[in-house]
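Consider the two complexes below, in which chain A is the common component and chain B and chain C are the respective partners.
And now, the complex of A and B:
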């Protein structure tokens, strides 16, 4: 059926802020000023610094050491086709670079022009962003580039005196991942039926329970259910539970006022459909036991685009919501002990 | 051997056919794999005292998929259940420890990974150090390639050695009905391919696989009710190294594997077959050395992780394959290994033995 989406592309994107703690704050604050530092612990200089000595788990302390900006490549690779998450949009190298004054390498990019320029032992130096663009994050260093002068870095290995208070104590980060999910046979069955104005469930031949929306299995008996187990259920039922959500502002949240989301037990079903919206009852008057019926979107406005494997039982843009029928509220005993 | 009540065995193993792209959900995969292993050992699901799965929501991109997956267990009445955000091999380890408490006799461990929804060249950036690695878009292929280059520069191996590992595993996989990548390839043909991350070519990288697998473990004499020749777990150990590969002293060896192998008693006798989880071809060379294996051990007759690599399932399959060598194939002492994290950060080693 052409109207049923088979693949869903979705982006998992969210910003977040990390607190840095003393060691990383010291590193970040120095980095924003163009100075790379390490920490001397257990007789060696670890750069970039860690809060703990990886050999002993002891606090690595605050014996800060200036390192770089030049260093030596110990191992390398080459990225011929960068992804959207790589800082450079042209081919580049990644390498372990032991900075002058340090005993452990750091991982960073090497913008070497060509793969053939890469080699263990090559001397490279850090190329920073413009000072105004530096925020104290590891990518303040755009990349390392072949060192014009391979001689040792000036001042490397000397102590670094950290300020009383660090300028930078937090780090902004951003998650940006893309997924392509494909509709499962059960999701396709559900979406097709909705497009035709039908609500379906699956009836388990073993326990006789009817599960709406279909999930391809009986979650009591742990057996597969398929098209042969489909039953039609009416678009009428009872609110069996609800929650009132007071929206807090976060990226992606479009609601601003409190709203209710209800579980509805459809007549003849043994599992509720969750996260449903009642259209004609104010939030303050939502209660369990209300009789409701489905409100379909007009046929020419229905879209199954939002009905994916993640939204089991969701009506997407096909079911607008539910409205009250005006019948007296149902006694609780009739809708208790049902499944999610 | 006459088992004591503290001896735990693998008594059943089922895996679904690996697919590059399934249209089923993780829950569907869990249902099919668990039903199969339960039927294989001939019990009712109510006889299982503990159920544990390994999966990761980031792979399929579905938040709380690990909760939805429990639908497949049939949890009415309520069951004793757990989950690890690790490969199913670690779920198996938790089941083993749970059985040692002595109050239940049967446990089931599951691994499931719908890997095809995400892009392995970007997904694993969120797994790494968030301060020093993630902002650079550091990807799992890059970290493996840095390790591979270090191995070459150390003189321990060559790109030809990597290709030989690939050719052998793909040839072995021909006799494995559960292999996704298999066939006869010449080393020269493999070496002619372009680099994805120098010195690694596409064939040195793991395939992308959707798959699930499940094992059933039993304690003491109960094992014989479920399996004619149980695969007794006689040693199991898990070790972890520093999360930043840059602070490890030598990434051309695997210290955690060596220590885990010693603790699991690998060297106490000959190992007939080893099923090793080497996501990248060259890591098999590092692992064989660190496990202390010699030429008398047959390595990855299944084709290993290069034949199918469903993250969260592949390690449990190593356990199942090593167990089947005892249960079905008459071997006496086998080894299963699985790894997790960048550059072989974490390693689990399990020794299995059959009754002599």
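And now, the complex of A and C:
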């Protein structure tokens, strides 16, 4: 099992939000009503509208213009085999479409059935979701499809009167990202040792410091450390400093009550291992100078899945935490400055 | 070193708030940039290059925002640079902008820095997307505990800084927090967040942006309002984590200050510098940086706070703007420090103006107290005479 620690899979998910500002609020609120708009600025109509003239950075103002729903493809690319991240589950084209009444193209999809149906100059029209499903997002337009009637859109180029207040001023931007990090050789050594119930360090041949945690280098001497520099470190040490965190809520937060994370200077080591949990001391009684020893997970419950290259001594699910040894505390002043 | 003198002729910032619901990210940076252009009596077309800074992209979840913001900031067909040095990035963004002028490469450069914290969650982002994030306060609390122990400072020093900076912030129309009725009792009775740091000793989470326009000597002399002159810049880094590192008193903090003092000819910082904007996101960082930047002797920084020397009417005012404790759009926070120092020597700081300020310093730090950026600005090229 220990030999399988080769890579770490991370899942990052977070519901970011976007505030839209006046221009994009106006666009989104109109879109939710089935109306695409642009803005007339610098002698042309930009659609979708921008807050600024992209050529000069001047404010683009609020001279709104109705555009579309038909337009003309100026250029395109075909996606023959969409992935699950693409907006359609069958082959489609990404295209620049200049909507009737606009002078600049917008990027959207063309659902044309086959690549042979695509051509620069083709007339397309927006196919909206059902009105009840439109929320002001660009995918309220499912796709553009070949126009049944190529004649100009009715009302395109005419002024659009925005409401006093827009319905839509904010939008979710959900992030869902998975990535894989390969375990470094030092991380693999660290994880393997932990799985065997051992804590290892690396002793720098130049400054003689014993560094604990999967670093693979001496940051002071700027030299690489490898397997030949490994030393065994006892699972006993002293709390050198700590932080008590009042958790703020956020998506993915696992804590609701104040929790303590301690730095521990292991006997014979020169670098602390950070963010460790003491199991048998209440948060309000955490202090500098406590003698602690490691508490291992039972062998059949150990997993190295939570250890990663960036940790500075994380025990993952292998080290459950630390417990007091009962020895008298060391003087705080001797340890307090050992934050690292 | 042979380099061209650099003048600051335009400064702009947004009204900082917990959530600027009325603007997009582009609208936010443009608000600051347009105020700076107006201050400099310039238009977008007058700018030759744009420098954009912000803290980690994961704070808003917009990756590489410099690409999306290039045309919003008028950088079409012009050089555009992105800077990132964690919390010190605002300072670094100002310094990079000034270097593009001092090198003689560009005549007018716009530096902009921003953060729109309300679009994401910094605690989440700093925790690598996992639960039980200790956040910035949790990371710095042990450093502060160590400082208090080694300096023997009384516990009310942190509360005093929290009150002083908020009273200054109440005089700054752009500040996020305007707590004119704050008291020591309110600070010490506020909830403990990261022992020994209380809620009111901690910075807020803000949306905001700051912009600064640099030009050359001719441009500075021709400016319609008084310019600030960039007298010296320095950036220093050190590893964030190594055995025996002392993050209370980082080598890089000393080296950064020493380089500035040497370049300007400052031999007695406390006497010769008129005021300072220091990056103080948690109250105790005021005395810590006063010592690490050699303005106070080791162990003596807290006495400057205690005596009132760092108050707006003291002999060494610190964080006249209200500082990071009053507004914290993270990526912009460094540039806000740098801009306030410039406003002071231009004499344009209005209600938070230090009378006769001719030489000011500004500092920003970032990550694990490992990146430092600092500059000195003057009302003339030779304010020490």
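One rule holds for everything that comes next: the second predicted complex is superposed on the first by the 326 of 340 C-alpha atoms of A that agree within 3 Å, B and C clash if a C-alpha of one lies under 4 Å from a C-alpha of the other, contacts with A are read in each partner's own complex, and residues count from 1 in each chain.
Just so it is clear, contacts are C-beta pairs under 8 Å (C-beta built on N, C-alpha and C of every residue); 3 or more make two chains touch, one makes a residue touch a chain.
Keep in mind it's a predicted model, so treat the numbers as computed, not measured.
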item	value
First, second, both or neither for A:261, with chain B first and chain C second	second
Chain B versus chain C as contact partner of A:151, first or second or both or neither	neither
Partner chain(s) touched by A:245 [first = chain B, second = chain C, both, neither]	second
Touching partner for A:17 - first (chain B), second (chain C), both, neither	second
Touching partner for A:76 - first (chain B), second (chain C), both, neither	first
Which of chain B and chain C A:228 touches, first, second, both or neither	neither
Partner chain in contact with A:300 - chain B first, chain C second, else both or neither	neither
Touched partner set for A:116, first chain B, second chain C, both or neither	neither
Touched partner set for A:270, first chain B, second chain C, both or neither	second
Overlap of chain C and chain B interfaces on chain A (superposed complexes)	10, 12, 18, 20, 24, 50, 54, 173, 175, 218-220, 310, 312, 339
Interface residues, chain A side, partner chain C - complex	10, 12-14, 16-24, 50-52, 54-58, 169-170, 173, 175, 209, 211, 218-220, 241-248, 250-255, 259, 261, 263, 270-271, 275, 310, 312, 332-333, 336-337, 339-340
Partner chain A, residues of chain B touching it in the complex	21, 23-25, 27-28, 31-32, 34-35, 45, 58, 60-63, 68, 71-76, 117-119, 121-123, 125-126, 130-139, 142, 145-150, 153, 194-200, 242, 244-248, 251
Residues of chain A that touch chain B when the two form their complex	10, 12, 18, 20, 24, 46, 48, 50, 54, 74-80, 82-87, 94-96, 104-109, 115, 118, 120, 137-139, 171, 173, 175, 177-186, 215-224, 309-310, 312, 339
List of chain C residues in touch with chain A within their complex	19-27, 30, 44-45, 60-61, 71-74, 76, 116, 118-121, 123-124, 128-135, 137-139, 141-143, 145-146, 149-150, 191-195, 239, 241-248
